[in-house]
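Structures given as structure tokens follow.
Across the two complexes that follow, chain A remains constant while its partner is chain B and subsequently chain C.
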Partner chain A sequence: MPFMKGAIKKEEYYVVIFGCGRLGSRIANWLSSMGSSVVVVDRNEQSFQALSFEFTGFQVLGNATELDTLKEAKVDKADVVLVLTPDDNTNLMIAMSAKEYFSVPRVVARAYDPNNIEMFSDFGVEVICPTLLAVENIKNVLYFIGGDER
Partner chain B sequence: MKIVLVGGEQIAYHLTRRFLNKGYQVMIVNKDERFCEHIAKKLRAIVIRGDGSRRYLLEQLELNKNDLFVALTPNDQDNLVACLTAAKIYEIERPVALVNDPDNKVIFQKMGIKNVVSPTEILGSALEDSLFREQITNLLPSSEKISILRIEVSEGAPVIAQSIRDIPLPEESVIGAIMRRDEVVIPRGNTVVEEGDVLLVLSSPAVQTAVFEVILGEA
Partner chain C sequence: MALVYVVDDELNVRRIVKQTMENEENEVHTFATAEEALEAIDKRQPDLIFMDLTLPLMAGIHLLQELQKKAYAIPVIVVSAITSPEAIRTAFKLGITDFLTKPFTPQELRQAADLALKDEESLSKRSREIRRLIEAGEMRKAQALLRDFFADFPSSPQPHFLYALLIESTNPRVAAKHLRASLCMDEDFKDASSLLKKLEE
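This part shows the complex of A and B:
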């Protein structure tokens, strides 16, 4: 496993992923194949079908806005928590619980609405904003087509 | 001072009625179009349709820092974000949040939302109190981590004429004092319990049912 930025260097990282959708399941498969110990949490059992045969981690079925679900996933032991459910408010709450209550060293969350980024960062949560990423990408594509630098 | 109620149908409706009657200005924010129409027709409150956890919506409300902001939706995450956002934009000092999962109370308090109400917990302790038998009074609210129980030793209780050291109480409980007629007896191992004594028992809530059984017998 390559050294992970900001986390303590160790043989095997313990990663908890909330949301096993298109994004969550891919990251889970990848991290698991890289040798991390992975737990995925989703409230819908069918979501786990997206996990591949490479995935050797654990699945936790439950609503992540209940503190018990976070305890069941052993968030307190996690080196990294990835919060990837489709709802910004849910992500905020999970991320903040992981950071403030369970003192997880690295918490990365997805926020669709760029207006929410500030609130995440106020509490020390790192944010991935697909909207902003897409905006940047589209800008790049357009510049490329236009060809002219102004 | 305005009262702002975000989400929550029946509770929001009845709270609005109550506060309007007391002469307050009430503002209701709700996602549900039908509910908003209904309220707007029935009550003299300001009704805003929309998601009260969104920054752009809250920014339009023009609140003051001493307004009372209350989040009542059935989703804890939405209540948390609504309160945090309102506190941030308007510096509202004590926003009130409803939490459905009582365990989430700690999370809210860690994030700076100190006024947290859990209907589940209120109902739960009301139900628990009604389960208690009448000789027993819990002197602390049931939400505390310890129970101080006042137990009257009535006729036929198994502990009558037993010494304290022979009473098989659970580990996490202790008889702290005995009120006998007008006196207080601090119990020692050889103190003998009499009929009519009132025992003050300290116990962890988890074992209190066992305490009742030991002192008063099976229910």
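This part shows the complex of A and C:
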């Protein structure tokens, strides 16, 4: 599903990102440069060092599986929540809370294991699966195998 | 277009408030310390101030006290990560208009700014209108408007002053009481002090 399909039309988005690793920090920097109001949540303070100098958002230090952390990040006010921690179970829990408890319009989560995609989808969470993306990319690179000539 | 000052030691907060307020076509100046901000306020008073409570050197509470001491009637919105009831209560006692906790959304920021600016505008506009009615001798109309004015701005010295103005000839003793109440809220309120002096004479 394309990320901003059926996008919420307004000037500025309030986006909460869980996980400030390589992916989370890059997305946070990009969204911030696009003029969105961004909050990054991570339980490791050092992770925030990956944010660029131009990053204009907020950092919330805390355990994202705790409801108080979600409240502190004002998830209830978010237009978009991105759940990008390295653990599928944690991601599922946060994504479910954002969708069910805080009624966030767009929740996008990363699922490493393709077998978990259905579970996320059942709750209306949009899923990015790095494994499937990599498979697709590798298939494209190996286009000459299987007679798929271009 | 309003002139907005932002006082926060965090660069990202200064940037985000500046960006949001500039999107609304306001003129925005940012300061990292209370001292810089005070200097700028003395030179040119803004229509609205956003400030943090935890600032280096002079703390936000001291900045609020300085603003109160200098009798600047500028609406102040505190933007802070501090959420203790004591800090919030102290800030409101020092006359702030609103308190936003970090992180905040652009919508929260805009709403708070709109309300603060509207309040300020409506306070002076309504004050002028009531004064005009009193001076024109339309006391009943003035009294009706004043009743709502008291309810909408209970912590402002203006309603007390205007009420004193309304009843100074019929009940100077009560008028003096209201003038004293007005001066308790703003001891540098010149109109109130001169009317009180006149009544006491």
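Note that in this section the second predicted complex is superposed on the first by the 137 of 150 C-alpha atoms of A that agree within 3 Å, B and C clash if a C-alpha of one lies under 4 Å from a C-alpha of the other, contacts with A are read in each partner's own complex, and residues count from 1 in each chain.
As a convention for this text, a residue touches a chain if its C-beta (ideal position, glycine included) is under 8 Å from a C-beta of that chain, and two chains touch if they have at least 3 such contacts.
Predicted model, so just to flag it, every value in this text is computed and none were measured.
Participant: Will chain C clash with chain B on chain A after the two structures are superposed, or do they fit?
Facilitator: On the shared chain A, the partners fit.
Participant: Answer with first, second, both or neither: which of chain B and chain C does A:121 touch in the superposed model?
Facilitator: In the superposition, A:121 touches no partner, neither chain B nor chain C.
Participant: Does chain B (first) or chain C (second) touch A:93, or do both, or does neither?
Facilitator: A:93 contacts chain B only, not chain C.
Participant: In the overlaid three-chain picture, which partner chain does A:66 touch, first (chain B) or second (chain C), both, or neither?
Facilitator: first
Participant: Who does A:39 touch here: chain B (first), chain C (second), both, or neither?
Facilitator: Once the two structures are laid over each other on A, A:39 reaches chain C alone.
Participant: Per the contact definition in the header, classify A:137: touching chain B only (first), chain C only (second), both, or neither.
Facilitator: neither
Participant: In the three-chain superposition, say which chain, chain B or chain C, touches more residues of chain A.
Facilitator: After superposition, B is the partner touching more of chain A.
Participant: What is the C-alpha-centre angle with chain A at the apex and chain B, chain C at the ends, nearest 10 degrees?
Facilitator: It is 80 degrees after superposition, to the nearest 10.
Participant: For A:52, using the defined touch cut-off, is the partner it touches chain B, chain C, both, or neither? Pick first, second, both or neither.
Facilitator: Neither: A:52 stays clear of chain B and chain C.
Participant: By the touch definition at the top of the document, which applies to A:103: first (chain B), second (chain C), both, or neither?
Facilitator: After superposing on A, A:103 lies clear of both chain B and chain C.
Participant: Please provide the least distance in Å between a C-alpha atom of chain B and a C-alpha atom of chain C in the combined superposition.
Facilitator: Least C-alpha distance: 15 Å.
Participant: Mind pulling up the chain A residues that touch chain B in the complex?
Facilitator: Residues of chain A touching chain B: 65-68, 87-90, 92-94, 96-97, 100-101, 113, 115-116, 119, 123.
Participant: Residues of chain C touching chain A in their complex?
Facilitator: Listed in rising order, the residues are 12, 15-16, 19-20, 23, 102-108.
Participant: Which residues of chain B touch chain A in the complex?
Facilitator: 53-56, 75-78, 80-81, 84-85, 88, 101, 103-104, 106-107, 110-111
Participant: Provide the residue numbers of chain A that touch chain C in the complex, in ascending order.
Facilitator: So the residues of chain A touching chain C come out as 11-12, 14, 35, 37, 39, 55-58, 60, 73-74, 77.
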